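For clarity, chains are labelled A, B, C and D in written order, and residue numbers in each chain start from 1.
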Amino acid sequence: MQLPTPVLRPPFNITRASHVVLTAADLTASRRFYEQVIGLVLTAEADGTLYYRGIEEACHHSLVLHQAGGAPACRRIGLRMLGDEDLEVAFASFRQQGCAPAWVEVPFQGRTLHVTDPVGTPLEFCARMPVAPRQITNFASHRGGCAQRIDHCQILVPQVPRALDFYSAMGFRLSEYIATDDDQLRGVFLQRKGNPHDIVFFHGAGPRLHHTAFFTPEAQHLLKACDVAGSLGYGRTVERGPGRHGPGHAMFVYFRDPDGHRIELFNTHYQAIDIENEPVRWDVKDPNVSFPWGLPAQRRWFEEATAFEGVAIKEAEPKPKPMTLERFLADQAERK
Amino acid sequence: MQLPTPVLRPPFNITRASHVVLTAADLTASRRFYEQVIGLVLTAEADGTLYYRGIEEACHHSLVLHQAGGAPACRRIGLRMLGDEDLEVAFASFRQQGCAPAWVEVPFQGRTLHVTDPVGTPLEFCARMPVAPRQITNFASHRGGCAQRIDHCQILVPQVPRALDFYSAMGFRLSEYIATDDDQLRGVFLQRKGNPHDIVFFHGAGPRLHHTAFFTPEAQHLLKACDVAGSLGYGRTVERGPGRHGPGHAMFVYFRDPDGHRIELFNTHYQAIDIENEPVRWDVKDPNVSFPWGLPAQRRWFEEATAFEGVAIKEAEPKPKPMTLERFLADQAERK
Amino acid sequence: MQLPTPVLRPPFNITRASHVVLTAADLTASRRFYEQVIGLVLTAEADGTLYYRGIEEACHHSLVLHQAGGAPACRRIGLRMLGDEDLEVAFASFRQQGCAPAWVEVPFQGRTLHVTDPVGTPLEFCARMPVAPRQITNFASHRGGCAQRIDHCQILVPQVPRALDFYSAMGFRLSEYIATDDDQLRGVFLQRKGNPHDIVFFHGAGPRLHHTAFFTPEAQHLLKACDVAGSLGYGRTVERGPGRHGPGHAMFVYFRDPDGHRIELFNTHYQAIDIENEPVRWDVKDPNVSFPWGLPAQRRWFEEATAFEGVAIKEAEPKPKPMTLERFLADQAERK
Amino acid sequence: MQLPTPVLRPPFNITRASHVVLTAADLTASRRFYEQVIGLVLTAEADGTLYYRGIEEACHHSLVLHQAGGAPACRRIGLRMLGDEDLEVAFASFRQQGCAPAWVEVPFQGRTLHVTDPVGTPLEFCARMPVAPRQITNFASHRGGCAQRIDHCQILVPQVPRALDFYSAMGFRLSEYIATDDDQLRGVFLQRKGNPHDIVFFHGAGPRLHHTAFFTPEAQHLLKACDVAGSLGYGRTVERGPGRHGPGHAMFVYFRDPDGHRIELFNTHYQAIDIENEPVRWDVKDPNVSFPWGLPAQRRWFEEATAFEGVAIKEAEPKPKPMTLERFLADQAERK
């Protein structure tokens, strides 16, 4: 199967997944969920906006919630560049590629560049944020899932190969991927920061934000998040897990926040720095890809996702036919 | 609701759940599963029989697997009495109650008494077993779920109140129970050993053994058992969980062994010794009873169970209508 | 070695370690320590007294702190009996043995019996307390070490054999013990509740309360308690551990509370119900008894303890010569 | 305090700590320790040499043990470069700096460059190794501490500022450092891979290898390593911990391998990619630097280290006067 050649010395240096910008109908409800269940740290509340960061993060925010009515939406996926000079170089490159780059002012961020990638994802890049003290050793303050830092976003798009090409050219490296027997890409895990993913694209109607993932220190924190969710009346927000991923190898749990945005907590990344490691290929038909043990995800986990504000959604061709929990149970009943 | 008065000074002293005796079609397959995934310790293999104990157990066995063809079955539920003199007193009592007591010889057990309880469960009582060194500090040998000791059995029967009366009269105390709005008992958690349960009865076609539960030290061991299951090809044997119980408060995971017998691993019991604590009543309709967070158990978890060898199964009236995973997903799809 | 014959059917039924009553100079300081670091739940504050219970405990209190000046002291070790009728039978027995039994009124306890055991320990027995909801599933409220329930007290006395005889006659069973080559008892672990200890006596100047132990669900909670201690300025109160016990097999950590009372958090008990298990003998010279790995406890852990209010302290003969951390380091330096 | 300006775009790309090469007197003893206690995976045994990697590592080795008599020694500290072209650029740079670069053949490594840094540390750089399957999801095979990957080496040298200058110029970034009131550097944590350290230099007689650190997934694995050590007769090899670091924030435990080489297991790194974070300064006198809770390290932890083969050791000026456990206990005794 033909995969892009890794670009090891890209012209500008994207360093990592940085933040996501979501809308929320009721910030009070959001606060209770994100602070008690997920365990994020509130850096600032200003102008109808909540700025959160993980317990280890010194940067100002990795999750931004704007109070807004209407359908819940994602406004931007944020990525970091190393320095402002990288932004400059990137601007030119994006203009050349027709990505409509624009310099914008964003509170609590350094110079910020807005771009739309070829599959329609609204991105924003910056290289600096104000810093706040890491709370990682403020143990008495840790709550729920102790979300430590943002790790990655997963996005559904109808054109996975196009996303792969675009991000590969910017220096993203492919750690793992999922493909059909006839080499149709169904999922790509792309990374800059040295472990398996910063941004992930899966085949589906899109572009839509499937989930935002925060890293937690240990599996116990996944369980704690679930237990706190249950005891605070958020028991039904646990949409999937705890379980073990095939690709990426992490233990995970997926929540739906009060607006329905999907949040993953997971742990146990491996390091992905060396270039002699080939991307790992997973067979889309192998149940161990979706669920090495236990049960697969329910249909809504596969199908529901957050729209990007003002971005039209295109259907995927062919339509995804994942092994949903519903199908798994029906197959099992039939076999009996 | 009228519950039996606790019998605090019963005429004979049953101390705890002791062991279960199951049939197995292929002892090699059973060994791999129980030693690698569940983490039990093989005390002896003799005459087509495997004798297992938990890593902390000094007694000879808490799980007995007899090689046997035909439908998988449970032969006996074992309970411990304190001393042989308790067995003597019990014999007379059981005869008076028409439980057909009989003295039998059982390998690796002291004097043993066979009895059938009024709901048809074949029991065996003994007061002594040979001892073997506890393996609890033999850390290098611990595997999979590190099953520490047997904790309880759960049995499906059509007449839960009758079971409650019988076991209460023997000094079992009711820690928690599940009832309908019109006070029909649907589940009773009965205990002798000072924490929530030694034997549990739930409403359903029976008598059938729903599951045997082993205590594990920590939640991490539940996860480890699942992960080992997945890596050894037993991923589909994880039937339910990991999740959190409402009643009993424990974190759990349910496996199906190679013969389909259901094994629970769970942790975090509370102590139940004081008599001023009333039994806790749970509402059968409350979803938090079955699943404080996440998804309910699939139908087969509710409906499938192990028959007792040679014991006829009676239907339950009314037929149980639990909130199964299948029903939950259908209801959810409908609401949309 | 001659050990007392277990009394399996004692005339009255002591069920478990119940509570300790300590003095505290500054209740504000005590609250911060016990609630944040140890994770106990405040049931009531009344008349200069704090009443705490563990997160799983329904009984009113397992730790009582009386505001009092002067040297920190322990006022009583509390033990539970099953019912009030046990107290009646016990009264007569204690009077016969010259233990000066007296009925007293104690807030938030049923009828209470004060007794002094033959080695000078001031005990109190009761069979009932008011109940409060267990907090075990109130996950959002859990803090620090999540102390789940009281487990045992350890007491230093010059006459360990005399304590063993007295408690054995009341039905306490010896789970483990430590003895010299010439069969001098140096420590006895005595239990009623079905796991290794409710009350422990070690050879030393006394009677003095060496420590009170609370059970925690998992090893992670021991570490969390230490980390919270460190982040709140209590880092120097971690006197020993985390480490692994030889006897009892638990993982532990010892704290000194703001008044210097020693509190142990530990996990992973084994069950000790069957009578065919002989008490385990440990060799006083074996380093694995005190420290299966790592370093031994510092001298003050061995030597410092809380006096019982108004009770004279007698020296131990011979004086204990434990392998202290100080001695271990000196020996090691010498060997080099 | 004057610190080097970070070199964000160095001429060649060192990516991470790669491996260490140690001598061992008895490979059988080494195997038992590293496989059972530390939990490393043996990739190959050839020509009197053991090649180990962590459970997540795909690269051939991160620990190399050469059978050799005489005093235990470290032969090389291995660092990775991104590609072979980086090695070429580096060669020229090292020659210019007088680091005696030399191309060498090393089994199971790509082209390898030997260099001696200005403080005397024998380094080796390579950009490729053969790969082997990651064992991270082979859960049934995990043992002891489940060492996941090499993380960093710590080296004692008399000239910390000189090391800082040299490594900073190569693009290493300073995450944290320890300094005296008069700005004398006592420790520098230097990193390339995006978390706090790849190589650490502390003030002391040197150059000597203080320890090699492997990352473990969770704190439970540190405890498991200790417990396995204890149960296999390695209890005295636990030299320090488990405890919590001030700098770096990780939980740790230090072992001494059968040859006396010091191995750290630790967990919970934070991400250190953004450039707006200033290096964190720690006060050398603050006890929370060495031990946020509990007791400080014993003297031998500070003073003993592994010599580099054939490299002369220079005394440090001034001589380090750390707060050792011995001094802490003496001070405490005096205060009483």
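Going forward, a contact is a pair of C-beta atoms (placed from the backbone, for glycine too) under 8 Å apart; a residue touches a chain by one contact, two chains touch by 3 or more.
Predicted, not measured: the structure shown is a model, and the values here were computed from it.
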item: Partner chains that chain A and chain D have in common; value: B, C
item: Comparison of B-C and A-C (more C-beta pairs in contact); value: B-C
item: Whole-Å separation of chain centres (CA-atom averages), chain A against chain C; value: 49
item: Centre-to-centre distance between chain D and chain C (centres being mean Cα positions), rounded to whole Å; value: 42
item: Distance from chain C to chain B - Cα centre to Cα centre, in angstrom; value: 33
item: Residue list for chain D, restricted to those that touch at least two other chains; value: 137, 218-220, 227, 230-231, 244, 292
item: List of chain C residues in touch with chain B within their complex; value: 8, 15-16, 56-59, 80, 82-83, 127-129, 131, 134, 136-137, 148-149, 193-194, 217-220, 244, 249, 267-268, 270-271, 273-277, 292
item: In the complex, chain B residues that touch chain A; value: 219-220, 223, 226-227, 229-231, 234-238, 241-242, 244, 251, 287-288, 291-295, 298-300, 325-326, 329, 332-333
item: Chain D-touching residues of chain B, taken from the complex the two chains share; value: 36, 137-140, 143-144, 218, 220, 224, 227-228, 230-232
